[in-house]
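Listed after this line are the structures, all set down as structure tokens.
One chain, chain A, appears in both complexes that follow, with chain B as partner in the first and chain C in the second.
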Partner chain A sequence: MIPQLLDGTLVLVVVALAWRALNDRDLFRGVIEFIALGLLLAMAWLRLRAPDLALAEAAVGSGLTGALILSALVRMRRREQAAAGQPAGVATGPWAKDRAKNFSRVLLGALSVAMLGTLAWAALSLPAKARGLTAEALARLPDSGVTNPVTAVLLNFRAYDTLLEIGVLLLAIVGVWALRRGEWPAADLRERPLLLSLLRWVLPLLAVGAGYLLWIGASAPGGAFQGGALLAGALVLALLSGLGRRLLRRGRLVRTGLTIGVLVFGVAGAVALGWTGGLLQYPTGQAGAWILVIEAAALVSIGLTLGLLYLGGRPGEK
Partner chain B sequence: MPDADPRLYLLAGLALFAIGFYSLVVQTHLLRRIMALNVMGSGVFLAFLALALKAAAPMPDPVPHAMVLTGIVVAVCATGLALALADRVQALEANEETPAPEEPPSAETGSEPEDAG
Partner chain C sequence: MSTVFLTAALALLLTIVLGLAQVFRQAGRADSLLAAILFGTTGVAVVLLLGKALGIPGAVDVALVFASLAAVLGVAFVLRGWPPDDFPEDPRP
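Here is the complex of A and B:
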């Protein structure tokens, strides 16, 4: 009884919060509700027996996305105020309330409900039990070099997906850098000795935590993505406090870090192609070591990419 | 704790998708639209994972789990890129729409309506 109650409440709150987050009159409150939605989704992943995803969602899905949107909101509001000379949020409401537009909203609402109904009907008429690929994945798990099935799928069975995904990360950061110059949110640390001494402890701990997640990912929930998310969080903290400035001045190091994931992954794929005849088909018995090397490079790239997204543009002095 | 009923979460995922779709079209503020796209994505993830739970013989199907994991990270990156684009759109619109005789929009924020480099 209790689990059903928990599931029911969780699902209701998630759906209600999603509605509020997107339709709240106050955009700022909407963003906060959006962040809360991410945290609740992390709980939903746990209930769906996906702890790997709960880790990633809590760190990236809600944390980093929320931080990105919040800082973008501040930036855009500042410009709105400057441009219009009036309080922000005027253009943030839904369509203006004249009749024709209200009619379109009703029509669109009906359309959305109809779509939901159709999808729900399709989804509920699926068989209650599915076979899935669990059996196949578990059968080849001993050959994969790791014992966590999700890591095995990510970095062995479907490694090319992950290779392309790391490429997507690189493309995204290149796009952001091309569009804008980043802004420095830095606090002055000389005024905040407490923050500085706290960060001196927290940042290395986060880095060690990322390494731990990477290592443990071979056999338990964790891996390059979760570790990278943690590293990104550390980087955002470093950027916020101004400690990251010194790192970013070393442009070549940063660019190497951003690309090393794709490079190592790609080279490993090519070497494996020459060695075993299959792209990313690791030599028998060595898969574990290959995965660890690839994941370590991917961790650096993922952490740097996600963390630097927070700058909202390319680093560089103004 | 016994497993959750996949159907419940499946329906919730579809509901998120529909809510996101509706808001994506109705809302005009770019930030809300970006959030709406994110909610639609979360709905897809939720539905996908609920389907993975149906194959919970010894454990849920790991293949959707791996896909959703990459999906979450790609969604964040796409959001970062979308936010940079939205910012650019806003900067260009501010320059176009308000020639603002007494207040040139470029001067006072210090947040650049952008260099050409």
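Here is the complex of A and C:
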């Protein structure tokens, strides 16, 4: 009885929250609803016994994306205020009186429904009991160098996908940097002693947490993306309070950090190709060490990328 | 024993639902901000309880990530997102 009640409540609240987060007239409240949605989604994943997904949702989906959207909202509001001199941050409502906009909305809605239908058809046409590759992957788990099956798939069996994912992150930051120079919002720490004392505790905790998640990823839910999200959280805190400015002005250092993930991953792939004859096919018995090195480099890049995206542009030198 | 944990998780989830109902009903921005931060705290507890009830040791790490990123979100909200119209006076101490 209790589990069914819990599941039912979760499902109802998740759907209601998703609807409200998209439709709230007050965008600030929409952001808050989005963050709460991430929290509840992580609970739902945990309830479905998928702690890896819950961890990813907690790290990237809720906390960091919430901060990013909030920063976008503040920026948008400021621009609107500068443009019109009137209070902003209120959406025009789901049915604005703009025919072109309504048309594109209907079009987008129809496309989404078609997409949903296709996906539903694809899911329904699958055999009810598919064998999949689970058995093969689990059988080769001892060869993968790690004991967490998710990490084994992401960093060994299908490492190529992960390499490209890290490349996509690099592309994202290159795109953002190409568009504009980022603002550097910073509080004056001398005026905020409470913030300073919080940072003294939280920054080291976040850094240690990132390393912990990276290390534990070999045997339990965790890994470079989750650890990178914590690192990015630390970076966002540092940016908000104006710490580490001098370090971030050193462009070459920052760029090295941003690319080191792809570089190390690519070089590892090339070396493995020469050594074993297969792209990203690690030498037998050493896979664990290779994965750790690749993930450590990826952690730095992911953390820097996600954190610097918060600036909304390249760190400008005035 | 796991029923006790699940019941506690359900009770905490219901407090989140009540808080959300308040946020939905045109609460002030400062109110909804505080609600979000409190949801984070409750969420950590729910995640821990779910992990205990279902026997998922990794839940502790999920709770850890939530707790650490809640600090980031709180600071970001206060420094960047604090709506100026709610606080016309000088926010500096």
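Just so it is clear, the second predicted complex is superposed on the first by the 276 of 318 C-alpha atoms of A that agree within 3 Å, B and C clash if a C-alpha of one lies under 4 Å from a C-alpha of the other, contacts with A are read in each partner's own complex, and residues count from 1 in each chain.
The criterion applied here is as follows: a contact is a pair of C-beta atoms (placed from the backbone, for glycine too) under 8 Å apart; a residue touches a chain by one contact, two chains touch by 3 or more.
Computed from a predicted structure; not experimentally measured.
Q: Per the contact definition in the header, classify A:L39: touching chain B only (first), chain C only (second), both, or neither.
A: second
Q: Tell me which partner A:L124 touches in the superposition: chain B (first), chain C (second), both or neither.
A: After superposing on A, A:L124 lies in contact with chain B but is clear of chain C.
Q: Applying the document's definition of touch, where does A:L198 land relative to chain B and chain C: first, second, both, or neither?
A: After superposing on A, A:L198 lies in contact with chain C but is clear of chain B.
Q: A:L64 contacts which: chain B (first), chain C (second), both, neither?
A: both
Q: Does chain B (first) or chain C (second) touch A:L116, or do both, or does neither?
A: first
Q: For A:R49, select first, second, both or neither according to whether it touches chain B, chain C, the two together, or no partner.
A: Both partners, chain B and chain C.
Q: Which of the two partners, first being chain B and second being chain C, lies in contact with A:P3: first, second, both, or neither?
A: Touch partners of A:P3: chain B and chain C.
Q: In the superposed arrangement, does chain B or chain C reach more residues of chain A?
A: When the residues of chain A touched by each partner are counted, B comes out ahead.
Q: Is A:L73 touching the first partner chain B, the second partner chain C, both, or neither of them?
A: Both: A:L73 reaches chain B and chain C.
Q: Touch check for A:G30: first (chain B), second (chain C), both, or neither?
A: In the superposition, A:G30 contacts chain B only.
Q: Residue overlap on chain A between the chain B contact set and the chain C contact set?
A: In the superposed arrangement, which is not itself an observed complex, chain A uses residues 3, 31, 47, 49, 52, 64, 73, 229 for both chain B and chain C.
Q: Chain A touches which residues of chain B in the complex?
A: 1-12, 14-23, 25-32, 34-36, 38-39, 42, 45-47, 49-63, 65-70, 72-81, 83-88, 90-91, 94, 97-98, 100, 103, 105, 108-109, 111-112, 114-115
Q: So in the complex, the part of chain C that touches chain A is made up of which residues?
A: Touch residues, chain C against chain A: 3, 6-7, 9-10, 13-14, 16-17, 20, 23-24, 29, 32-33, 35-36, 39-40, 43, 46-47, 50-51, 54, 56-59, 61-62, 64-66, 68-73, 75-77, 79-81, 83, 85, 92-93.
Q: Can you check the complex and tell me which residues of chain A touch chain C?
A: Against chain C, the touching part of chain A is residues 2-3, 5-6, 9-10, 13, 16-17, 20, 26, 28-29, 31-33, 35-36, 39-40, 42-43, 46-47, 49, 51-52, 54-55, 58-59, 62-64, 66-67, 70-71, 73-74, 87, 89, 185, 187, 191-192, 195, 198, 202, 205-206, 209, 213, 216, 220-222, 226, 229-230, 233-234, 236-237, 240-241.
Q: Note which residues of chain A are touching chain B in the complex, please.
A: Going by the criterion above, the answer is residues 3-4, 7-8, 11, 14-15, 18-19, 21-23, 27, 30-31, 34, 37-38, 41, 44-45, 47-50, 52-53, 56-57, 60-61, 64-65, 68-69, 72-73, 75-76, 78-80, 82-85, 91-95, 105, 108-109, 112-113, 115-116, 119-120, 123-124, 126-135, 137-138, 149-150, 152-154, 157-158, 161-162, 165, 168-169, 172-173, 175-176, 179-181, 183, 225, 228-229, 302, 305-306, 309, 312-313.
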